[in-house]
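Letters A, B, C, D and E name the chains as they come in the text, with residue numbers starting at 1 for each one.
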Amino acid sequence: MDILEILRAGLQQALGPQAIVFALAAIGLNIHFGYTGLLNFGQAGFVAAGAYGLAVTVVTFEAPFIVGIVMAIVAPIVLAVILGLPTLRLRADYLAIVTIASAEVLRFVFGSVEMKDTFGGSNGLTGFAKPFQDANPYSSGLDLGVVAFGRNDLWSLTVGWILVALSCVLVWALMRSPWGRVLRSIREDEDAVRSLGKNVFAYKMQALALGGVIGGLGGLFLALKQASVVPTDYSTLMTFYAFAALLLGGAARVMGPVIGAILFWFLIAALGSFFSQSAGAGGWIPTVIMTDTQASLIRYIMLGLAIMLLMIFRPQGIFGDRREIAIDGR
Amino acid sequence: MRKRLYRVLVALIGALMVLLVGTPGAAQATETPPPDATAIQVTLQDQANKDAEGNPKPVPGVTLQVTKDGKEAGEGVTDDKGVATIVVEELGEYVVTLDEKTLPSGTVLDENTKDEATVQVRFQGPNNRAIFPIGVTAGEHSSFGKDLMQNIRAGIVFALVLGLAGLGFTLVFGTTGLSNFAHGELITFGAVMAWTFDQIFKTGGLAAVSVILAGVVAVILGGLGGYVQDKVLWGPLRRRGTGLIAMMIVSIGLSFFLRYVFQYFFSSSTKAYSQYTQQVRESHWYYLGFALASREVVIILVSAVTILAVCVWLSKSRLGKAMRAVSDNPALAASSGLRVDSVITSAWVIGGALTALSGVLYALRASEINTFMGMRILLVVLAAVTLGGLGTVWGALIGSLVIGLVYELGPMFGVPESIKEVGPLLIMIVILLVRPQGILGRKERLG
Amino acid sequence: ACGGETASDKPEKKAAAKGDGTLTVGQLLPQTGSLAFLGPPEFAGVNLAIKEINEAGGVLGKDVKAVPGDEGDSNSGIAPAEADKLIAAKSDVIIGTASSGVAQTVVDKVMSSGTVLFSGANTSTSFDEGKYSKPDLYFRTSPSDILQGAVMSNLLLEDKRTNVAILARQDAYGETLAEQVKTNLEGAGSKVATTSFYSQDATSFDAQVNEVAGSGADAVVVIGFEETKKLIPQLIAAGAGPSKLPTYFVDGNLADYTKEFGKGEVKGVKGTLPGAESSGDFKAKLKEVDPKLKDHAYSAECYDATVISALAAIAAKNDSGEAIAEKVVDVTTGGKKVKTFAEGVKALEAGEDIDYDGVSGPIELGETGSPTAASIGIYQYDDKGAYAPVKYIAGQI
Amino acid sequence: MDADMTDQTNTPTSTPTSKDSKTGPAGLVGAGTEPGSKKPDPIVVADKITRTFGGLTAVDVEHVEIQRGAITALIGPNGAGKTTFFNLLTGFDQPNSGTWTLEGKSLKGVAPYKIARRGMVRTFQLTKVLAKLTVIENMRLGATGQKGERFWAAPFKFLWGKQEDAVTEKADELLARFLLDKKREDFAGSLSGGQRKLLEMARALMVDPELVMLDEPMAGVNPALKQSLLGHVKSLREEGRTVLFVEHDMDMVRDISDWVIVMAQGKIVAEGTPASVMADQRVIDAYLGAHHDTDLSELDEETLEAEVEAEIAQEEDAK
Amino acid sequence: MTTEPATDAEKFRETHLKEAEGAVLRADGLIAGYLPGVNILNDTDLYCQPGELVGIIGPNGAGKSTLLKALFGLVKVHEGQVKLEGEDITGKRADELVTRGIGFVPQTNNVFPSLTIEENLEMGCYQSPKKFSERFDFVTGIFPALGERRKQRAGGLSGGERQMVAMGRALMMEPSVLLLDEPSAGLSPVMQDEVFVQTRKINKAGVSVVMVEQNARRCLQICDRGYVLDQGRNAYTGRGRDLADDPKVIELYLGTLGAKD
């Protein structure tokens, strides 16, 4: 058993691009769900809007890269408005289903044969990330002993973590303000907020757009780092993972989603490494019980179990406040 | 460059050797051994004009011109088998032109057949083919009315299966308020269990009723599964006072867990029952103009009867009211003397059994048993119950009917077929905009 | 062979980088997810190749090391993480992926680490276009769908199908292949009655099946993967089963259906599958590696990809990814023809230029790092649901 | 999307206009006592407001005026439609028909938050506290015109810090008055039923409303505290604000209200000064009851016992 | 006679122990709370003799509702015990207590909004459905409004109507001990009086009643014995009339508003 290897695999993902994508998606969700109480199950849609905003602008409309970046930020806002106008008056659980449906509709449309000329169908779009790769200031990768990152990864990591940090600072600054207080109040009881003369709808819309934009940054980052956008990346699984990350870390906490995302990917990779070492030739688990293929599966079984156990024993997440959970809404 | 072309030719010849050695199916081609050279083979047959054995008559004596990049590259005339083989020198794109004047009298090209064909010559030998359809009575495209009936049938069958699954979801949601994202896996559970027992029964003396028996066992196991789940997981969570959102995340964890446990033991490949896969749809007058396969009749009957029975029972029975009471306010329900835990347990047992039944029927309908089936259908189930009004039993039925029909009818009314799941989702969104609380849901009063 | 520039990382600058002496072959193939069924034959192919290479004395004096990894599918998103794992395990070559879509998500990462990504199953045409059009560090032994599309349409024309329905999976694979079949058919004079796409996650295929059944076609081409198992009974129910409407399969669904359709449901169905006739010998050897193996799709291509990598390393006298990449095209074209790894090593040691032709047929990797020619087999099902070759057609892409 | 929020500054100033009109009971001198009578200086005028739920007509108000600067009580049997009428006036529910105005401007179809900003703030009968915010945060939320509530200003504390301090100071004062200062840092969700009522009322007062509408503010409030709070409500009148409240506690109605409106089955059935309304026989019959103003312990215990026994006997006969 | 303020806790306890002999329901030295570490009840005693009507009053947040919930097993009791007819029932499940004849009307959230009025009442006698029609007639006799609207969903009811449903639901099962948390809140004066009179009647028919009220004056008028609770402790206790006339109680808890001199 190579503990170092397990650690390496875990850290590589915990610090790597995947964690960044999900951290950004989860920060956005935190604004939606954690602070405002909007049960948005369509975060993948906002992430996709960010990614496609860039790709479609640059590839399909042949606009300059910088315009693409702007569009990556504008697209989630547009989506938020289109989605929000009609749906923000729905009850939380209905909103969840409608958002999940909208995100799926978006993904289907992006992947559809009929719209292939615009969105590239299920092959997605490529060939828009060159300016980003060219801007790479590093001449070589970084080897920290335990983990190593290639030159390209190092560049995207730098950009990605800066994005995450900026988003966190913004969330922190906003949520300590009266603006943040209104959001949290809306989460508790919007009629009460209305009765005090606050335009609940506008606040919700702002929250939806802001969280969407941050999620969109995740998509932008994913597109740049991967140099391609593929519709299947933006399935409901992405939203579920982001939610899991958010709640692992603790909702309505500034650092919750970030730590959650890091932990989440650490778990996936470390579990994977542990079991692939354990099973198959040379492992301690006999192949009758677990083959290589099954070893690859068991990490998901364990991940499912880990999510359940965490929620059972620490329902408030890592940073959450037990007291807050104990208050029953009724 | 030269070198490579040479290699290719050698390779092609190598392959041709294989072709010549073992070609039981290529009887026509071997009758007149084709030249080794690369060639385009054009076949002309008059489909409208058949001989005694029903084979179309060949059209001989037609001249065909082959050009490459506008330059003449060869010419041929069909022989009495209607075949012309035109040798070309190199690989590439060729255009074959049919000289319509040389067509025998009475034979004309089909209305929308061009007299030109483009052939990509990639293959050694006469394997590069072209065709000029003559007298093809393209099978009638079915009429709109017929399509409509077909799709309504498909929609109803789908809707009813969906309704069962939705009812299972609603029962649990309606008593505990839990949006169970592992519900899809409970559907899978039913199907996988039915398949497992089908595998056991199909070889024994029970082979004749293997699937039916396996289905019954699966439903019982589904109920049992609900019971175990509640006792082991949800019950303790409730007693700790875990919030609904936390529970929802637990259910997401559970869905991963179950899905991959299934895959661990059953692998990811698609399986089918041992019986009923070969049934062809038939129409009888008592099917009201629908063409139905026997298994579909069974699905419709079983699910419709079950759904109606459960719905009626839930809205009339004491337990049904107790479930609603528990969902409204568990503490008050306990104060009224209800055993909240046992009410919830019964919801899980009934819900589990209904869901397993939906899995069994779904597998029967789509010939699909696969560890991902539940996950795939979950969103549709959620759409159905939401549309009907979350937590209302009749709503689950109505929502499922709407979603099922829109799902299958959508493509007839402009929803792109490849993304037909968009149809029901859009309908759901639209209806919720008009009725935010679902079709049968009710608004709470304020103040 | 020409080196060529890479879009992002210019590995040739570091081409001098010496490998660590051991050729490490990573495998990024599906173990979980919706393509998991494709995994076993591919793993078996790679493992068989490694076994034979090591029996023949290994590469540069050392045994080849294998590191397995899971490609998942494009929904699960674990491929990048697994690729990281393989890279960290010092893989010089990564054999994979099975799915072209997944390849898109890892190709940049793998290439920028100086590792070769060598697929035995990617058939998407997009790897011959744009930034992948140069043979940098991406190669494949599977022919692009262009060829299979042509073979399929020729097969249809040969069978005198003049009005064909296409029922295809809506993804990178299905769309391209359907497109290829359609253009070829229409170009050559036949008609395409309908092209109907279904989503891989679809919960119901009724609308598509009805569309096909009602289209009046005289044949249907089913382009898909596993879902075929669900499609066939539904086609049968709609009165368009293989016994009524001649049906054609492609590489994605040409599989053993004895378990599912052992009662003649797929009798007479024809199908195409890239790869020369795999000798019974090869199949038997695969069985030794994985006794549970049933299907063989792409096992030969993966086998060849592994052998080619090993030969390239020997030719370059260096096991680093970049060194291997420079020699890959070289060892598959021009020179003394060799059929096995052992033969190849002998010739290389004798200082000869070699041209490896493997179990998957005549391998000629072209300028884009993809095969320029390949043979494609035509198969037919018997009433037990098993398929057997009818003939093989070789062609140029 | 910020458009709607910028007009926050338009909230009425905290010193309502009461130049010409006399406040308090004095202003109502001469107002008629027939239902729907004209008031000398009405702040709210409602006409022909109806609201039905299914077959049930919950509200059917022909005409009603609320006097500015006075304390008006709205009383009536349970289910008379008082809360529904509140909901309609404040925009939380839409009437089937009817029009109503605040300061002469129509409120028909105006969103509830805009109505609140115009100075008409209400509390809820079934309390709505923001459970997971602390008590002081609940209070701060009530303040209007906060710069920090605007998105663009929110991240920069120097823009709103001062204002926040002022808001907090005011909130603390109110909390002390409502005996909630000990609970300042507790989550509002952990308050007792009565405390929630208090918080809700205090929070509404943070808005500095022109017209406060209190829906059973004192139900569940301890009598001693109630008494001290009445002083506060009266001081609102002194400040020139208008108060409209629903209450079943006749002591309170009698003590502080200048005017009483009686609703029954959705209609306004009587109006007048507290004394006159409470002497109205119809009101006594339908609302106050015969036992009203009597000490229940002085009820003839024996009659009660006899009644009980009779009933028991009757039941046994039935079996 | 009013006992001394609880400053003299021991004396209070002594009297309690002496007088609580033979009580149907008694709580001794209850320490209870919602969150770990925060006790709402600090050593509270209470008893109710068979056929007695006991009133509890006190300022907001004193712990009155918590005390009732603790008696009924809805709040975790850290120390002390609750006894029903001499048997320890601390921490028993609520439905078991219902079986044993305790009825409870909570202060808030006391109806099932999605059930009709009739169904709400039906839930009241869930354990003995046979009694339903008979009890239903009884309850609608007290609250005619409920009978007229039997098919209406409770979610749409007004505050006072809800209160009637809640009270009616508790009366459905013919309890032997009835715990009422502010039953008169939100009711019109005539209905309030009706509730008090009916409570007294029910009590006279042999049901022991413990009621929490903010309408303190009325409550003390009808009850046999009253407790004044402050910050989780018994502050005063005594006969209803005596408490109502005690100047300290008036000053601290009752106020002078509406008091007749």
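Quick notes on this one:
Everything below uses one rule, namely that a contact is a pair of C-beta atoms (placed from the backbone, for glycine too) under 8 Å apart; a residue touches a chain by one contact, two chains touch by 3 or more.
Chain-to-protein mapping (UniProt): A = Amino acid/amide ABC transporter membrane protein 2 (HAAT family); B = Amino acid/amide ABC transporter membrane protein 1 (HAAT family); D = Amino acid/amide ABC transporter ATP-binding protein 1 (HAAT family); E = Amino acid/amide ABC transporter ATP-binding protein 2 (HAAT family).
A quick note: this is a predicted structure, and the numbers were derived from the prediction, not measured.
If you take chain A and chain E together, the chains in touch with both are B, D. Path length between chain C and chain D in the chain contact graph, taken as the least number of steps between touching chains: 2. Among the chains present, the centre nearest to the common Cα mean is that of A. Looking at contact counts per chain pair, the maximum sits at B-C. Computed from the mean C-alpha positions, the centre of chain B lies at a distance of 25 Å from the centre of chain C.
Distance between chain A and chain D, defined via averaged C-alpha coordinates, is recorded as 45 Å. Our note on geometry: chain C versus chain E, Cα centroid distance of 77 Å, whole angstroms. The distance from the centre of chain B to the centre of chain E, with each centre set as the mean of the Cα atoms, comes to 61 Å.
Counting partners per residue, chain C has 32, 36, 170, 197, 199 as the residues that reach two or more other chains.
Each of the following residues of chain E touches two or more other chains: 34-35, 109, 156. In chain B, the residues that reach two or more other chains under the touch definition are 260, 263, 329, 418-419, 421, 446-447.
Residue ranges of chain D in contact with chain B, taken from their complex: 83, 86-87, 92-93, 124-126, 215.
Residue ranges of chain E in contact with chain D, taken from their complex: 34-35, 57-62, 65, 107-108, 145, 152, 156-161, 163-164, 182, 185-194, 196-197, 200-201, 204-205, 214-218, 221-222, 240-241, 251-258.
Against chain B, in their complex, chain C makes its touches with residues 32-34, 36-37, 147, 150-151, 154, 157-158, 160, 162-163, 170, 184, 187-191, 193, 196-199, 201-208, 210-211, 213-218, 226-227, 229-230, 232-234, 236-239, 241, 259-261, 263, 265, 276-277, 333-334, 355, 357, 361-362, 364, 366, 372-373, 375, 378, 380, 389-397. Those residues of chain B whose C-beta lies close enough to touch chain C in the complex are 3-4, 7-8, 10-12, 14-16, 18-19, 22-26, 29, 43, 45, 47, 56, 91, 112-114, 117-120, 122-124, 127-133, 136, 138-142, 146-147, 150-151, 154-155, 158, 260, 263, 267-272, 277-281, 293, 296, 366-368, 370, 372-373, 376-377, 380, 407-408, 410-412, 417-421.
Only residues 5, 8-9, 12-13, 16-18, 108, 111-113, 116, 121-124, 126-127, 130, 133, 141, 147-148, 150-153, 226-228, 230, 232-233, 235, 237-238, 265, 268-269, 272-273, 276, 280, 292-293, 296-297, 300 of chain A touch chain C when the two sit together in their complex.
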